[in-house]
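Quick notes on the structure that follows.
All chains are identified by letter, namely A, B, C and D, in their written order; residue positions are counted from 1 within each chain.
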Amino acid sequence: MIRGVTKAGLGEIGSNEEYIRLADRFGFRSVDLNPLELIEQYGQVEAADLLARHNVIIGSFGLEADWRGSEDLFRAGLPRLVQQAEAAAALGCASCCTYILPATDLPAAPFMIAATRRLRLCANILGAYGINLGLEFVGPHHLRTHWANPTIWTMQDTLEWMEAIQARNIGLLLDSYHWHTNGLSTQELLALRPDQITYVHINDAKPLPIEDLMDSDRLYPGEGAIDLTGFLTSLQKIGYTGVVAQEVLAPARNESLMDLFSHSKACFDKLFEEL
Amino acid sequence: MIRGVTKAGLGEIGSNEEYIRLADRFGFRSVDLNPLELIEQYGQVEAADLLARHNVIIGSFGLEADWRGSEDLFRAGLPRLVQQAEAAAALGCASCCTYILPATDLPAAPFMIAATRRLRLCANILGAYGINLGLEFVGPHHLRTHWANPTIWTMQDTLEWMEAIQARNIGLLLDSYHWHTNGLSTQELLALRPDQITYVHINDAKPLPIEDLMDSDRLYPGEGAIDLTGFLTSLQKIGYTGVVAQEVLAPARNESLMDLFSHSKACFDKLFEEL
Amino acid sequence: MIRGVTKAGLGEIGSNEEYIRLADRFGFRSVDLNPLELIEQYGQVEAADLLARHNVIIGSFGLEADWRGSEDLFRAGLPRLVQQAEAAAALGCASCCTYILPATDLPAAPFMIAATRRLRLCANILGAYGINLGLEFVGPHHLRTHWANPTIWTMQDTLEWMEAIQARNIGLLLDSYHWHTNGLSTQELLALRPDQITYVHINDAKPLPIEDLMDSDRLYPGEGAIDLTGFLTSLQKIGYTGVVAQEVLAPARNESLMDLFSHSKACFDKLFEEL
Amino acid sequence: MIRGVTKAGLGEIGSNEEYIRLADRFGFRSVDLNPLELIEQYGQVEAADLLARHNVIIGSFGLEADWRGSEDLFRAGLPRLVQQAEAAAALGCASCCTYILPATDLPAAPFMIAATRRLRLCANILGAYGINLGLEFVGPHHLRTHWANPTIWTMQDTLEWMEAIQARNIGLLLDSYHWHTNGLSTQELLALRPDQITYVHINDAKPLPIEDLMDSDRLYPGEGAIDLTGFLTSLQKIGYTGVVAQEVLAPARNESLMDLFSHSKACFDKLFEEL
């Protein structure tokens, strides 16, 4: 498994160049960032060189095409999706991810109809560039009632949705926080095939009843109540060899970028030495 | 357009042979019945001959595979679905129909996920035999709250769903009662292409506010408040040439089979002479 | 049916503005042109206004994404395809067309595998903008052996391919020359449903055995051996109401643009008065 | 990886009961057989018990629906396909396999069109029962010209075809003989993901130039020129954990069933001790 970071949990990062440089320095081999932005900033040759020089890959980028709202909004995002896919392929990035909010203010059934069609198109476009689409189920209970109508939030429903969407390049984005808040155990992970997992996020939860955990109040991996050793060991056992990226959605901490990177490294070191 | 009947509105019919014979006698050129049952009753040669002798086609048959409940139940219906498709193709029947209940006791989003996958499979199996699948949206308002969670009931959502299911042989079953209770006008019909319509049901509604109309309390076509001339004229204008089948879901009437057939004929005669 | 022109058969046209103006002047209500180019030339507002002022629509534009060659080439065309689809939707154009060469220098089976996947993606992208993809089968016999390996050239195989591609928005581009050189009759047209036809090209053939007809040696509609009255009458009978666009692939004629437009109008007038 | 047998290479087996019993006795944990036949012979309860008693699974069964010929023939096989899928699911068998002949007497392009549509339907039906479809590419050179028109025979083309078919439950049936006769190395295996492999066949080849190897003249695994240790080690490395089933297509040997089973066991023992 490849150690990775996202920007969530690292405070203010000056530039993508610094982001990549520090990831390398602190032993992370993958960063999440927008490949098109990177090329726009540095040019394709220098962007590729920057990554190669630091032996860092772009693990994943976010699906920007808005598949949750109006058709016009969705369409408006397609030109940039194609460009991002092109940029990602040029830089060797093979995953694009999006999350499923567990509720919506739109009527649930028509929402799912439109979302199914739109995610299929996004997956098909990404697939033309050899990129997989990761769907992240979102566990925190408070979000299930944050909007009027429930959608889906379980791993099982997300797996079923992948069959309904019917694209070969769709898998799970498995986030330890959502695994935990869904009340899942290592058993459910051990029942997965590695190809069902496109990407993995790691972070930790306060020692509260899972019903009370807030989505934006996460801890660094290893500092909380989630059985992350069980989580990672299970992924290893089933043969997952992809990125495990830290994503700590939490209030900003009053620490330097170096301290946050250093802290993240320490957390990963401790977790990974037990594998 | 082809005049057709279903058994709804015709009381107790002794046998399929009588059903076909009377349809012919009263000028209906299409009957809805189960083609596999017909072959099981008469043998394939005699079943085909019975239809040919009376110049009557099987307009449509109901999709029996239960796509609304458990996966086991759905699977259990597949062997018979294939046999029915085979029987339908052997007897020249080109449509299979199912209706969408506007609510469900299951959570709506997972329900739509399973239903999308299952209807695709049904459509694909039917397609192998040259048969189209008609999806009937169901308008009566009381049904929208009859189960816990709303699904879909509008023509537009049904058209969208056809795109999400992504089979080429899916179209609408357009029922005048559901068109009326959805508050639609001829304008929405005129915006359709004929290939979007797999099948048409015709019947009438009591002169009540559409919110108060009950699904099982319909009238014979022409006896109620629905603008059936506008309905049929619009279908004719856009080039629909398929079956228009009477389906009068209503309490049993204390009349003979002959009287009910005769009454249906009179209703059709009046409506069709205005086209 | 809507009278349309393409640039093939009209000589050198100075600008798209002139093209649209003359189409209008000579009674054509549809032109084939690149909607993205039109917007790039005039801006979206003026482009739309130009079309509206002359009561002319863009009937269709050519699929520029190259689905016949390498994967790199195909990918390279996708960004522009999305932009074209966007432009087409903005200008109310609902069809994009491509032709199937009846042979290829690539091995036929792998070629069909790649082409199936690529055309599905193109159709899906176009579908997000409400645009249909028309597939043109190409009849002239000399082309069947022009490259090493035969692909497909019949209407029936093209219809089958549409099922294999499995997108709901794919139909035929029906060209009278290819219908003729395939030795088809009005019977095959009468067996079509209108939704199976995305677009129609019209032109004529020299009075030669169909085996000897060259693809680039066509005549103006009505001046040759094709039963165009039968062709158009059949399309009318089955309910086709879309564009019928002249496409005369032939050596340049030494005539003025005005004369060529005028000649085309006369050909159409004669043919359409018989419908 | 699970040691498995097929009937190819084991001579005349008296009954499925004997087949399962001997597989167990000689250390094979998987047999290839028709699950529907097993249920028809023993009843579902006893069939399941027979397998459980011997700790043997049904690794795979052959796709009997004929997707290579006429549409009528294909349709005729669908009812039994559904029944077989049902039987397979009831007995815990998760794979169904079919092979791709490298040539056909039908025109190649239309053949691929029909085959793409038909294999998608077969995969969809199997998928409803949780069963994967394995596609076996066939390497021997003499078969490429045995029929008039080449289709596909490479691993890469088969992987591409899986994308064109667009079902999520299709993977490779990887046979060591076809890997060898395609001139592939362990490098190509190491580039696969385990989920791309539905099933594995193992057998060996005479020490001849690969161009001269005949499809029906195979050797027992370990007795020939194929680098089976490299083959198996590579599959192990990428995380394949499924069945590796012996399939020795060869002239009958004048040996007893016990001797053939015993010989097969010895071959497997030798190969697997090196892993």
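By definition in this document, a contact is a pair of C-beta atoms (placed from the backbone, for glycine too) under 8 Å apart; a residue touches a chain by one contact, two chains touch by 3 or more.
For clarity, every value in this text was computed on a predicted model and none was experimentally measured.
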item	value
Numbering shared by both copies at the subunit D-subunit C contact, with half separating same from different	same
Approximate Å spacing (C-alpha centroids) for the pair subunit A, subunit B	45
Length of the line joining the C-alpha centres of subunit A and subunit D, rounded to whole Å	37
Junction residues of subunit C, two or more chains touched	120, 127, 163, 166
Topology of the chain contact graph, where touching chains are joined (line, ring, star, complete, other)	complete
List of subunit D residues in touch with subunit B within their complex	74-75, 78-79, 82-83, 86, 89, 118, 120-121, 124-125, 127-129
Of all residues in subunit D, those that touch subunit A in their complex	127, 162-163, 166-168, 193-196, 239, 241
Partner subunit A, residues of subunit B touching it in the complex	107-114, 116-117, 120, 149-152, 157, 160-161, 163-164, 166
